[in-house]
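So that we are looking at the same thing, I have put the structure below in structure tokens.
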Amino acid sequence: ADYKIGLSNGWVGSEWRTQMIEEAQAAAAAWTEKGHNVEVVVQSANVDVPGQIAHVRNFINEGVDAIIINPNSPTAFDPVFAQAKEAGILVISTDAEVSSPDALYVGIDQTAWGAAGAEWLAKALDGKGNVVAINGVAGHPANEMRVAGYRSVFEKYPDIKIVNEVNANWDQAQGQQAMQNLLATNPDINGVWVQDGMAAGAWKSIMDAGKAGDIAATGEIRKDFIDLWTAEKLNSGASVNPPGVMASALNVAVFMLEGRELKEPATAGQYKNAMYLPIPFIDSDNLAEAAKQVDGKPGYYSYTSALSIDEAEALFK
Amino acid sequence: MAKLKISGVSKAYGATVALSRGDLELQAGEVHVLIGSNGSGKSTLCKIVAGSVRPDKGEVLLDGKPVTMSGPRASKALGIGIFYQELSLAARRTVEENICLPDLPMKGPFVDRKTLSERAARYIALFDGVTGEGFSPDATVDILRADQRQLVEIMKTLASEASILIFDEPTSALDRAQVDRFFQILTRLKQEGRAIVFISHRMDEIFSIGDQVTVLRDGATIGTSRIADTNAQEIVRMMVGEEPAIAAQAQTSSAASGPVALRLANLSGAGFSDIGFEVRQGEILGLGGLHGQGQSSVLRALFGAGAVTSGDVSLEGASYRPHDPRAAIRAGLAYVSGDRGRDGVIQGRPILENVTPIHFLRNRLRLASPASLKRKATPAVEALKTKFASFAHPIGSLSGGNQQKIVIARWLIDRPKVLLLDDPTKGIDLSAKADLFALVRTLAAEGMAIVLYSSEDAELLSNSDRILVFNGGRITRELTGAERTRFNLYEAAYEAA
Amino acid sequence: MTRLVDTLKTPIIVALALIFLLLIVGEMLSPGFASPTQIMRLLIVAALLGIVAAGQNLVILGGREGIDLSVGGVVSLSAIIAGNLMNGQDAGIPLAILGCVATGALIGLINGVGVTLMRIPPLVMTLGMLGVLQGLLVVIRQGIPSGRAAPGLSQFVTQPFLLGLPGIIWLWVLIGLFLAFLLSRTVYGHRIYAIGSNEQAARMAGVPVAAIRISLFALSGVFAAIAGICLIGYSGSSFANVGEQYMLPSIIAVVFGGTSLAGGKGGYTGTMAGAMMLTVLQGILTTVNIDESGRQMIFGATLLLLMLFYGRGKAMRA
Amino acid sequence: MMVDAVATPPRRPGGIKRFIEAYPFLPALIIMLVLLALNGIWQPRSVSLVGITGLIKTYMALMLLAVAQTYVVYAGDIDLSAGAIVSLVNVVIVAVMASLGDSGVSVLAAMAIGLGAGLACGIVNGIVVAAFRLQAIVATFATSIFFTGLALWVMPVAGTPAPATFWRTYGGRILDVPFVFWAAALLAVILYLLARTRHALQLLAVGDDAQGAYQSGLPVTAIRIRGYAMCGVFAALAAFCITGDTASGDPLVGGKMTLYSIAAVVLGGTALAGGYGTVVGSVFGALIIGLINSLVYFVGTPSEWQNLVQGLAILVALVAGILIGRRARA
């Protein structure tokens, strides 16, 4: 069968997003090799919410069979997704959950993602110590879910004290600056919970301050950081939000377009429309393995994983 | 009782005292002339009455009652209307909108366009026949000429229907017919019982329209007299505080016979056509005629600041193609504009930086060492008797006349071959003028070629060796030797081009 | 005596006093904030902003509503180009500097040409350019090998070099001295002020107005590019959109330094103080443990409050 | 000599020039129609009724925000906080509706409060810029940070849904005509009426020459504050549209719209220096941005080039608009 699938990405500020699209395109190519002609059309640009709604409208105008979107807002797309559904289009969001009952979420559980890092950190600190958190953009849903994740974990450890939480807007340099300010005013920090690229920045400040040996901090999944981690033997652990999520979503989408039914309907998450993918975790135990996967890739390449076609098929009846 | 009585008002801007003791008694039904050299505080006095300048001290009595002006709105509400010397028009709005802007006629929540047009038309009609080409109620002000803009400001002032009307140099760009019409209107307003303040630097206007005259000097009121009881000599004496510094001495030096410094042949451009003349070293060539007949345009074009479409220019025998001021300066031309605010003064910068730019260019300097620059600049500045405290002070700390001297001085550090003077004394006072022309004479005597345009006849007649009369963008007459009389000048200027 | 009072009222002194005050407040709120190492680290961050603001300062001084909104884009682009040209090797540093400075100058040149020869308002031209650069970043990031800072560069930015201060702070001081000299002791500097203050008069005095204005935009591009190189030294690796955070703060630093947005008035010394002030303020807000919403409200309100000390417009009524 | 002036008649613009002088939004209109046609050629369905409805639905907010920005630009000011006001009003009305429940009254109350919030933000900007005389660019940047903080305080995370009454109305039809068409028609009427009040004229006069306007007796400070207040109110209206189209609250939703709104104003032929322009042009400017974005996709630009091509196209349109406008006036 021939399917046309629209991919919408509303922010191009990181390499992770680029890799996400590339992997999705590769997944489509894999389908074509198998004799299913899956064509993807991509809209990827820095847009605000209205701009991304326009992406969806453009796809509707073009008459695609399915839309896979990494949305700039969890709730803002309800009306336009309803429109898409009316037009018979399958809508799947990835990376960030959406509230629309007309869409499906295929991706990781961001809350669990945040919790996984926190669990690692709590263990690394033996359940006690002063922790700071460096978060992404305040008010951004993914950020808030991750925050909820780590808070729920640290609550379980009465001896872990969150001494400060700051926002560095998912910007590596801002993360570095924030860490530097926190180190200066909280000399007794034992652990740092930090997300994504900001982790590389935070670690830079920790190393500059000569405290790499005394502090445990979460890490990230880009090759540059994994190399540094390996070389400096950092006390770090990283939960993985793989850029392959969009490829996974695409594979799921094709089966759904084929009319196959899920074994277990997607009903997870706060919006009861999510299908969560497993969250890999990198720590000292499997760091070497991760390093092998990204070996030879550019420095910004992220450790990744995705549902293969077969793995996806296993989810369907 | 006086309609308006101002006593002892003063205003200082930082260290500059704009007005030290302003007194004025204005009666209903009179035209009261304010006169004084530049910077004597006339505009400041008017703006205080109009509420746009806050006085430091002093008292304003309206109909015998003390009033405080909190701003132009308050003053307007008290029945005071003012024509601002620097105008107060919105360039991209139409003539009729500008006339009615302070008091838009409303119909419910909306501007009543019909009434607006009708009201504006009443004031435009007052100048029927003299508004000139291109003037219409729906023309935007930015496409109008300077005289037409002044007319709009006059109409706007009249439309305030105020009982006290202040006109701060309303006639400086108007032609004779426009002035005549304006004076007819003033006369009528006077008869209606309005009290009118009128400012002009032109003696003849003062004597033709004024009833009373008040003289200001250095920010203080010197005295008031009835026009009928005084004369020009008397007024000038009060203004200057001494005998007039420049006697209208006739030009005696014989036309220079040095080599030709500048030659124009069939030069045409925006605002002038087919201009040809020669200036010799040591000669002062005057350009005369009515205002705006192409004299300025030729000078600016020669300096590379205006368009040339055809013709040839040669400088000391070498061909010269004017295209931009930089090249002109390098070729040895100098240009002094009367509009120093626009073309000359680099406001907010030290005096030193205002004297040196030409020196930099002529010597291709890269570094600016204050000590050596001061040494270079001092003789030039002293030649003009410029009064200033320090080269490091901002140029704005000087009076307008002294600012103009600084602007002129920048051309004197490295002497140019040809000096183009474009109404250089506009807005500077009598003694400064005298200093300037004495210097011009000296420069000519030293061999510089000078082209002088002046909007003042006396100045032109007494300082030029030879006069070319411009009319309609062309040279229509050359006056040499004994022909250089006011009569010949007028005759050539006014004949149909 | 009045001279002393006047000097005390200059923006630079005001800014320095405010910085001092902010440091005290910071130390009181979070002990350790004003420790020498922390101040040194704040200076590094301030230097990054200050270098961007140097170009912004020049463009603003040149008048005609000069402003450069594209600096953020140039910083990002330069960081990425630098990362790739040096690729973690010290040997690549000269090439990286050359490549970035050339790129910055070229972008500035295009801005300058648009502003002067086509007479596009600077805000519009540089805003449009910002959009183009953001797109260019996406394209360039495709298929580039890597983007790591050379160790030498990282050391230059973060490790003490002379008198306990890292090289970047000395670079900043040098830039400060250079600009102070340029603005006050060179013909070029006088001409910048001249075109900023009265463009027509400057032209009539033989100042090559267009060339100077174009050069100011080019310099702005160059300074932003240098900041981009330093930024990758600071963060170790390049990443997208690093420069975004400098666009408007660079303007605020200039304003806090006492340079008028109308042009022709001000200088770089004040801007350096302005950059420090902004950095210290942001640092304090990071260390205080409050909600992000509270941080932003306090930050915005404090900026407004501080602005009351600077460059207020002229009153309508004299 | 008595001055006289007879030479050099003033320049009178001729036919087309006069037309553009009178209707400064014409170049924008033409660019917009061309883009619309191109969109139609590459993707016919984008100019169908559904397509156009979608276009207007999506860009109504930007149109309104561009109008909002125009009023301050008229007076020579600028508002970098416009987008932050949109965010703030968006979360305020969603929060109010969420607490009052899904009913007509609740929606109306929320809208009233939202308008009030926008107005208040506008007045704050006006006071800061006009009364305190701070530089507009930096002062409104500071207030934008403040408003964003306030929005985060009202709603710390994006996501609260708006009641169905609200967004179903926005996305629905009245008398078989899509609601947004009614809204667009209403907007046109409001803009027409506002253009006939003295506000527009006074703002333009202030933008032309603030000192002159002051000396003529116009209350310049009050006029500028009023300009910002109008900006705040229209930003609130823009927030209503965003809320209608997104059916949710998001404390960051408007942030990126500020720079687009300025671009739209310039595209519409309004002079950033103040004193000249039209609000209609800004509406077209907003649509131009939307049409460029979709056209870039419809012509099949590879994804990694889309941002660059959009950026270039907008830059070219900005420059072209300014050059055409100047040509017409010169």
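A, B, C and D are the chain letters, set down in written order, and residue numbers restart from 1 in every chain.
Throughout what follows, a residue touches a chain if its C-beta (ideal position, glycine included) is under 8 Å from a C-beta of that chain, and two chains touch if they have at least 3 such contacts.
This is a predicted model, so every value here is computed, not measured.
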Practice problem: Count the C-beta pairs in contact for B-C and for A-D, then report the pair with the higher count. | Solution: A-D
Self-check item: subunit B and subunit D: spacing of chain centres that average the CA atoms, whole Å
Solution: 44
Quiz item: What is the distance in Å between the mean C-alpha positions of subunit A and subunit D?
Solution: 35
Quiz item: Using CA atom averages as chain centres, what separation in Å is found between subunit A and subunit C?
Solution: 34
Quiz item: What are the residues of subunit A that contact at least two other chains?
Solution: 12, 18, 44-46, 138-139
Practice problem: Scan subunit D for residues touching two or more other chains and write them down. | Solution: 151-152, 156, 211, 214, 304, 306-307, 310
Practice problem: Quick one: which residues in subunit B touch 2 or more of the other chains? | Solution: 52, 71
Quiz item: Using the touch rule from the top of the page, what pairs of chains touch, sorted by label?
Solution: A-C, A-D, B-C, B-D, C-D
Exercise. Give every residue of subunit D touching subunit C within the complex, in rising order.
Key: 80, 128, 132-135, 137-139, 141-153, 156, 210-211, 214, 220-221, 259, 262-263, 266, 272-273, 304-312, 314-315, 318-319, 322-323, 326
Exercise. Going by the contact rule at the top, pick out the subunit D residues touching subunit B in the complex.
Key: 1-13, 21, 193, 196-198, 201-202, 204-205, 208-209, 211-219, 275-276
Quiz item: Which of the residues in subunit C end up touching subunit A in this complex?
Solution: 30-33, 35, 37-38, 41-42, 45, 134-135, 137-138, 141-142, 144-148, 158-159, 231, 234-237, 239-242, 244-245, 282-283, 286-287, 289, 292-293, 295-296
Exercise. Spell out the part of subunit A that touches subunit C in their complex, as residue ranges.
Key: 12-15, 18, 44-46, 138-139, 163-167, 169, 171-174, 176-178, 180-182, 184-187, 197, 200-201, 204, 208, 224, 298-300
Quiz item: Residues of subunit C touching subunit B in their complex?
Solution: 184-191, 193-194, 197-198, 200-208, 264-265, 316-318
